[in-house]
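Common to both upcoming complexes is subunit A, partnered first by subunit B, then by subunit C.
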Partner chain A sequence: RAGMAAALLLLLLLLAACPGPGRAGAGRERRDTLREELLLSPLPTGDVAATFQFRTRWDADLQRGAVSHYRLFPKALGRLVAALGVRELHLALTQGFWRTRVWGQPPLQAPAGAELWVWFQPAVTDVDKAWKELSNILSGIFCASLNFIDSTNTVIPTASFKPLGLANGTDHHLLRYAVLPREVVCTENLTPWKKLLPCGSKAGLAVLLKAERLFHSSYHSQAVHIRPVCRDASCMAVSWELRQTLTVVFDVFSSGQGKKDWSLFKMFSRTLTDACPLASQSKVYVDISPKNKEKELLEVTPPPTSVHEAVVQGDKKTYAVYDLLSPLLFNTSRSLNVQLKWKRPQDSSEMPIPVLHAQRYVGGYGLQTGEICTLIYNTHPYRAFPVILLETVPWYLRLYVHTLTIITKGKENKPSYIHYQPAQDRRRPHLLEMLIQLPANSVTKITIQFERALLKWTEYPPDPNHGFYVGSSVLSALVPSVIPMKDVDVEQSPLFTSLFPSSDGSSYFVRLYTEPLLVNLPTPDFSMPYNVICLTCTVVAVCYGSFYNLLTRTFHVEEPSRGGLAKRLANVIRKLRGVPLL
Partner chain B sequence: FQDQAEQFFRSGHTNNWAVLVCTSRFWFNYRHVANTLSVYRSVKRLGIPDSHIVLMLADDMACNPRNPKPATVFSHKNMELNVYGDDVEVDYRSYEVTVENFLRVLTGRIPPSTPRSKRLLSDDRSNILIYMTGHGGNGFLKFQDSEEITNVELADAFEQMWQKRRYNELLFIIDTCQGASMYERFYSPNIMALASSQVGEDSLSHQPDLGIGVHLMDRYTFYVLEFLEEIHPASQTNMNDLFQVCPKSLCVSTPGHRTDLFQRDPQNVLITDFFGSVRKVEITAETVSLDRGLAGFESKFPEDELATEPLKYAEQLPVAQIIHQKPKQKDWHPPGGFILGLWALIIMVFFKTYGIKHMKHVF
Partner chain C sequence: QVQLVVPVAVVFSPGSVPGDLPSPLPFRDVQEMEISVNLRTSVTSRYEMAYQGTTAQEEAAMAVTTAREADAALRPLQDVSMGSLTMYVVPENSSLLPQGTSVYVGRHRSALVRAGGGLAALHARLRQVTQVMSFTATSIAAALSDRVPDGRLSPDARRSLKSSLGYEITFSLLNPDPKSHAVDWDIEGAVNRYVKPVLDKLSLVANFSVDSQILYYAVLGVTPRYDKESSSFLLSAHSLPHVINPVEARLGSSAASLYPVLNFLLYVPERSHSPLYIQDKDGAPVSTNAFHSPRWGGIMVYNVEAPASPQASLPLQVDVDMARVMEVFLAQLRLLFGLSREELPPEFLLESPGNEGLADWELDHLLWAHTVENIATVSTTLTSLAQLLDKIGNIVIKDDVASEVYRAVASVQSAMAKLAVGHLHSAFQASKEAVTSSERAFFDPSLLHLLYFPDDQKFAIYIPLFLPMAVPILLSLAKIVRETRQRKKEPTKMD
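On to the complex of A and B.
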């Protein structure tokens, strides 16, 4: 009887909910839209990079007014933006490193570990307090130790990290940037990320996101970007955009079993069956750009619904598009398994070198001093361009700025802008920002020497012999493009072309990160306090104790005791016998 | 039906919480993380939601570079059971698992900005399961190889919880060497404790996996997991069965338990009182009709104010603006401390030497 009542209840609920969409379709338009896309790009070394982007755009102003009805935009993030006065939020959790030199420019790169940078609204009075609260709330949402973000690893950049969304002015006091290079990314970070998606991981492109395959890769980066964007071409009203991006690079040897042919099933052990019902657009793009102006090298099956050409990162690229919302796609089979096959074996000399790439390493020996060297390569044959280098070094590596040298082609290269903020012990890290002009076809070497500090013994982490991490440095550059880029309509072009707002068609903006560094600090032997206490106590007890005894011990004569009862009895008998007493 | 309703009122708790702690770091302590995750898995399966579980793992084994199968933690050899799964929420990770954080979670003395998922928001009608595993000794448990918690501190923490009415009944399970020493000092009421070995005995690990290269589970938790796999949310198994899990022949060490502080007889205590979750279900035979006017709720948005002139994006690398950026004027602070003292000294010396009447030469 209870079961029947529950069934009746359910039926009534369904009946009540049904007229809803019908009424909505009759005139009231939806204010939020979801677009999802997946970009598969085979890399020159035989690996394949898959970039997922889920974009929810909400035509409402989160800052003003009491918004209480959240539909596609997740409530957790919406409330966060409204309550803390956040204008832009970018959080990335990454495992691995993107090898720019062999893989090419990434669509969107993030440094190893956790990176969080936020622009606050001008109305926020205490930015540091809001920053601390924000990092704590995000650590609860994403199960990451972002609560370790405090003043010892937060910096205020003065020239990099300009806002990616609509901005009225750029007062850098409202910007905070922090990176936690030691942060681990695993399934517990992916699960809440997936739960923020409107369809979760149940429908659409997110069904491919299974942790066991995603973390068995060379590079895994998941990010959340919230920013205000133009609502339309006239840009008179503000919409809020939430982009969730996930980039993963599958290695040809560990995931591909040595073969360079890839398919969705081989990468994710799943195939696509349908689009997310809440999405207005759901597409899969495969990069089939011909290299060196030859015919196509790559063959994709099943045949794509269309072919799209775009200018991405300054170069003309061709994409095979699978539109999951078009009815033709699932005509022949119920699931879509995109397969990529190489028509002929690749020649290693065909590998294109990216225009800008960088490398960083620690030089020197011993546990007292060292040197941080950054090498920046500009491989463009005739164009020079500027690059901003932002380095954040923790306070326990004391940088000596007078040893900073920048050498290009054997000559010294003076930066046009330099901002250095020295560290304060246990309070603030070093911040070094420089605008360097890179001549064409050159290598620039930037070196700075440092000294390692000795920490207090309670400040060491539980595994101090692992070493201490120095976060990646950030290179922001305007790289000249091969083909001039026209201003494109953000709504029509694929998502991966439109994260960075482009102002000038002749160059495109790129942000690269170098490797994080691992340095060893002089580590004490942690068993020494115990050893010292034992030794000291023994020495004190033995030496002082015996000395004290020697000095203060006095001897006095003591009467021998009369003896026990037996002795007295024996003496009485002896006296009677006349024998000497005992 | 009547008996079930009576059972509901007999146990006296209305919600369930679990605090699961793994205190060991480094790859060769894989088994401690697997222990904790297998209890987590059982507890979730029997109904306690993630919001009521505080999971503390001191190191990351699943995505450890030494793990041949990333994003998995196995508890049986030949990789039969992945206890890590796809839907796991770790509240305290890595360096956050410290004695201080653990005691703060238990006693509720947490900094105000701590997110909700990291808090133990129990009340006086909560049954709490506390499971700890790691390396321990006679009277202490090691946290991350750098600090330890003693049995006295733990007993005091439970007493604080009792005085602040933070639990109704508490089940404490510990799987370490000489685990029984950790519950010797408890003195608060309504605590039942289980340990995997007595004082002077070591808890042993179960079986290594040659593919992964480390021992996967400890014996006691392995047999507890096997026992719990047979429990479902409506089972009537009681605590006496849990006390019999892992006899000396299987475990090599002697598991111990302590029930003198507990008011009810362990015979009447169900396993699901601690490992499962109470759900208050009201069955109704009436129908409820929803307000159809709710569908028009969304149209009550405040009208957006349009900007007077078109908004634009910021330029990402404005080279000219950056180069000519004036250095930020430092806020003027009045000279303090040393500088003030130095100037005061100089002025005093001057006037001492030359006398105050010479001040007219200064002005």
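On to the complex of A and C.
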């Protein structure tokens, strides 16, 4: 037996010594790909929106836990997904508010502050624990206060957030959604986000991501989306997709002395010199679609490598495309500085209004009760469509559900689906989800009254007089398209069109966020306890002092003398008045 | 007081029994050794020697030509429990051992020792072998390095990793210049082929997880110096400490676990800086082109050969020779676990650990050190917890924290009892449990809340009460003092 063991050992040694099985040489098949893309779209108001998308696709099954060798996919996120059984993760950190009415439908909107929604694997037994752990780890990775996500701001939506990736079941108990509207986004969140990119900010489109320019903008939103996708058309195997997106809106109109012309250098104070060497696709799209049927108003320089036409969110769009990987682009000049000039001043009156937009505000007066009003506009000339409204309200605003009214065109509009989960004090927030039918060309007004609760004095955040934020409400809708859309191949089409799955040719998916609300709560005077302590203590001390004196003094009869100062003073007055002296 | 007991069986083959044995075989004997760490801590080691003659089977097993074969053949006949050792004494003229070597340490828990020079010489030799195969004074001191006074410990002793329940091993390929080098490494195969056998063996000591990543545009923190003579770039030894910091920021922390991370970096220098060589303190190039950082990991520089023709298209395809890389990384891994095979007398011959990368007795070596270190850690943790309780009287200890503390104490006691009877494996398990319980007790969140209301702040709040109240008391005190003084003066006046 010993001899056999020795022989086996020898065999093992021999195996270890000989080189590994035949390796594919230079043409080794990559299992992960990176695509990077920048979309520049001039907005009707003269601002410019820049949307970066970096998409890493990895043909490996992250879930098994056996995969631990990372190339383009960042290890920190990969381990997170594997360790906590995450099926889909969407994290957005946003500063500012996307003004849908004037800027139009955003390619990707996120609510102000931090938003996190995660679908877990069915195998995860304790979803709440995994959710807590996940938010803690993410807050470490992104330097954000996501660790403040707890049961008081976490909800389980039933209809609004469907998995965006591959999913075989949609049991909403595996979903968690939380928004932190108070979160401030700044450079310290951008740096770790950039670090997740394979090329960092050293090459490719990411060189434009210069923090001091990005945060000098009207809107900044950075996001991470992780989801499983089909590996190929037959969808027999799963690939994992990581999308890092970043949207900024620059106000070039006011910074450019009233001119709407812009260039890459003006906005980012950098220009593009090359593509990320790891990327299989690196493109810049510039939206040059004519706003009305007239001839083009704007011109871009240098001439684009190609022109791409697509129907995006119900609109026919034309894009000038610069392919950074094409050798032609850098032939003439070493760097690419896309410039756009308007041929004649644009009429702001011809601004198209998006089909679906919304608005929200707090009504009422005083510090006891109030009212949340939401206005949803459907500007489609002849089509009605349903919309799902998700409203999360913290527990300290006590909603009166019986006051919920939905009025469209002066008539009551009964929601076809309603899900309400009442709040529990200090435990969980209110959750209200409704499916509302929006008639064509209408405004729907939703109001609900609330009462403000009194908090314990330790529950107030720093600076409580600033007010308390109520997160944005979420509108999800399949908006009917005026122009029929073609089914597009996800791998071929530009990235900005392919995050939300399109259902059919006649409608497109839109998710909108309304403004966050700032509500004042009755706030006590926080120095009061100390004042009270001081005052009571002084009173007690004075009482004590006189009592003490009373107890310890020895009283004895004083011989009448010439009298003190008081007596002499009294005598002077008496003398003046002509009264007998004391 | 920790007592480490090593059971040693000494087997004399025919013709090797020294003439001056105190009693006829078999007999038992105990040798003690005191290892003092500092003034208050010392460790006693007891070697329980059992002397006996060979059995017929053992004789048959040793009737082979080489030491390696004898080692393999003797393996099934030994006591295989961890921590116990078996020494086979062979005659002085035996041909089993090569010329010039007097001790052969096998792959398992046994050694062949050449007899000769009487009992005293044999004793000395046996003691040396047992120490190499179990623990030495320095390895125990290194394990208790927290308690050793500064300066008494060599820097080598501070190199090995602290004992932990688990380790994460991360291999990172740094490619600062992806435009000119497209570097590929078959890390998955290499891990399975070279690292996994070692870790399987080490899995007894701790949990290991292995992963790898490729980092692009990650540069070292030091610009290498150009050397005209060899037309290469040089990194001198004194600049190496500055190399790690900028890379460290990119490595990414292990967010999902709390175990210490061992980093092994393979650095492919950029085209404008290659070839790159590391110089040692004397200015000579380091043959492996690698260095390690204590308790952190290792870095290896992997130079890419310049293409034959300068017109070769970029990026250059590079396939990393993983055997060469892993050889270096595994050597560094052994170093970081304190398993160096240096400092041995020349007449010792150690069998190479083979595919597993680790001999059985080396595992024991690690277990001895880790058990002692765990016991020391638990005692430190519990002592600081006790000190905390002494300092803050009103801290609340919940029942579960208390039970963790009791469990930790019980586990430590059982670990020490197991060590004192020579059951290394169960002692190690008990010490691991003790560490878990004590850490859980010490880091319990309930021990934190009450810390933040110190007594001086309470006093500050009540100052508005105390201050006005003190005024009349102080005034009357002053009055009393004045009066007594006057009363003292008065009698002299009366006279």
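The rule is short, and it goes like this: the second predicted complex is superposed on the first by the 506 of 582 C-alpha atoms of A that agree within 3 Å, B and C clash if a C-alpha of one lies under 4 Å from a C-alpha of the other, contacts with A are read in each partner's own complex, and residues count from 1 in each chain.
Going forward, a contact is a pair of C-beta atoms (placed from the backbone, for glycine too) under 8 Å apart; a residue touches a chain by one contact, two chains touch by 3 or more.
In this text the structure is predicted, and so the values were computed from the model without any measurement.
Student: In the superposed arrangement, does subunit B or subunit C reach more residues of subunit A?
Tutor: Comparing subunit B with subunit C, the partner touching more subunit A residues is B.
Student: Give one of first, second, both or neither to describe whether A:Lys202 is in contact with subunit B, with subunit C, with both, or with none.
Tutor: In the superposed model, A:Lys202 contacts subunit C only, not subunit B.
Student: Quick check on the superposed pair: does A:Cys235 touch subunit B, subunit C, both, or neither? Answer first, second, both or neither.
Tutor: first
Student: First (subunit B), second (subunit C), both or neither: which does A:Ala159 touch?
Tutor: first
Student: Would you check which partner chain A:Ile141 touches, where first means subunit B only, second means subunit C only, and both and neither mean what they say?
Tutor: both
Student: According to the stated criteria, A:Leu454 is in contact with first (subunit B), second (subunit C), both, or neither; which is it?
Tutor: Touch partners of A:Leu454: none, neither subunit B nor subunit C.
Student: Regarding the shared-chain residue A:Val482, is it in contact with subunit B (first), subunit C (second), both, or neither?
Tutor: neither
Student: Which parts of subunit A are touched by subunit B and by subunit C alike?
Tutor: Common to the two interfaces on subunit A: residues 1-2, 5-6, 9, 12-13, 16, 19-20, 23, 28, 69, 71, 137, 140-141.
Student: Inside the complex, what are the residues of subunit C that reach subunit A?
Tutor: The touching residues are 61, 69, 72-73, 75-76, 170, 178-179, 184, 186-191, 193-194, 209-214, 216-217, 250, 252-257, 315, 317, 319, 322-323, 354-355, 461-462, 464-465, 467-469, 471-473, 476.
Student: For subunit A, which residues are in contact with subunit C within the complex?
Tutor: Residue list for subunit A touching subunit C: 1-2, 5-6, 9, 12-13, 16, 19-21, 23, 25-26, 28, 68-72, 74-76, 79-80, 83-84, 137, 140-141, 195, 198-200, 202-203, 274, 277-278, 530, 533-534, 537-538, 540-542, 544-545, 548-549, 552.
Student: In the complex formed with subunit B, which residues of subunit A make contact?
Tutor: Subunit A residues touching subunit B: 1-2, 5-6, 8-9, 12-13, 16, 19-20, 23-24, 28, 31, 59-61, 64-65, 67, 69, 71, 95, 132-133, 136-137, 139-141, 143-145, 147-148, 158-159, 162-168, 170, 182, 184-188, 191-192, 210-212, 214-216, 230, 234-238, 386, 388, 416-417, 435, 461-463, 476-478, 500-501, 503, 509, 526.
Student: Touching residues of subunit B toward subunit A in the complex: what are they?
Tutor: Interface residues on subunit B, with respect to subunit A: 25-26, 60, 62-63, 69-72, 84-91, 93-96, 113-118, 144-146, 283-285, 287-290, 292, 295-299, 301-302, 304-307, 310-319, 322-323, 325, 328.
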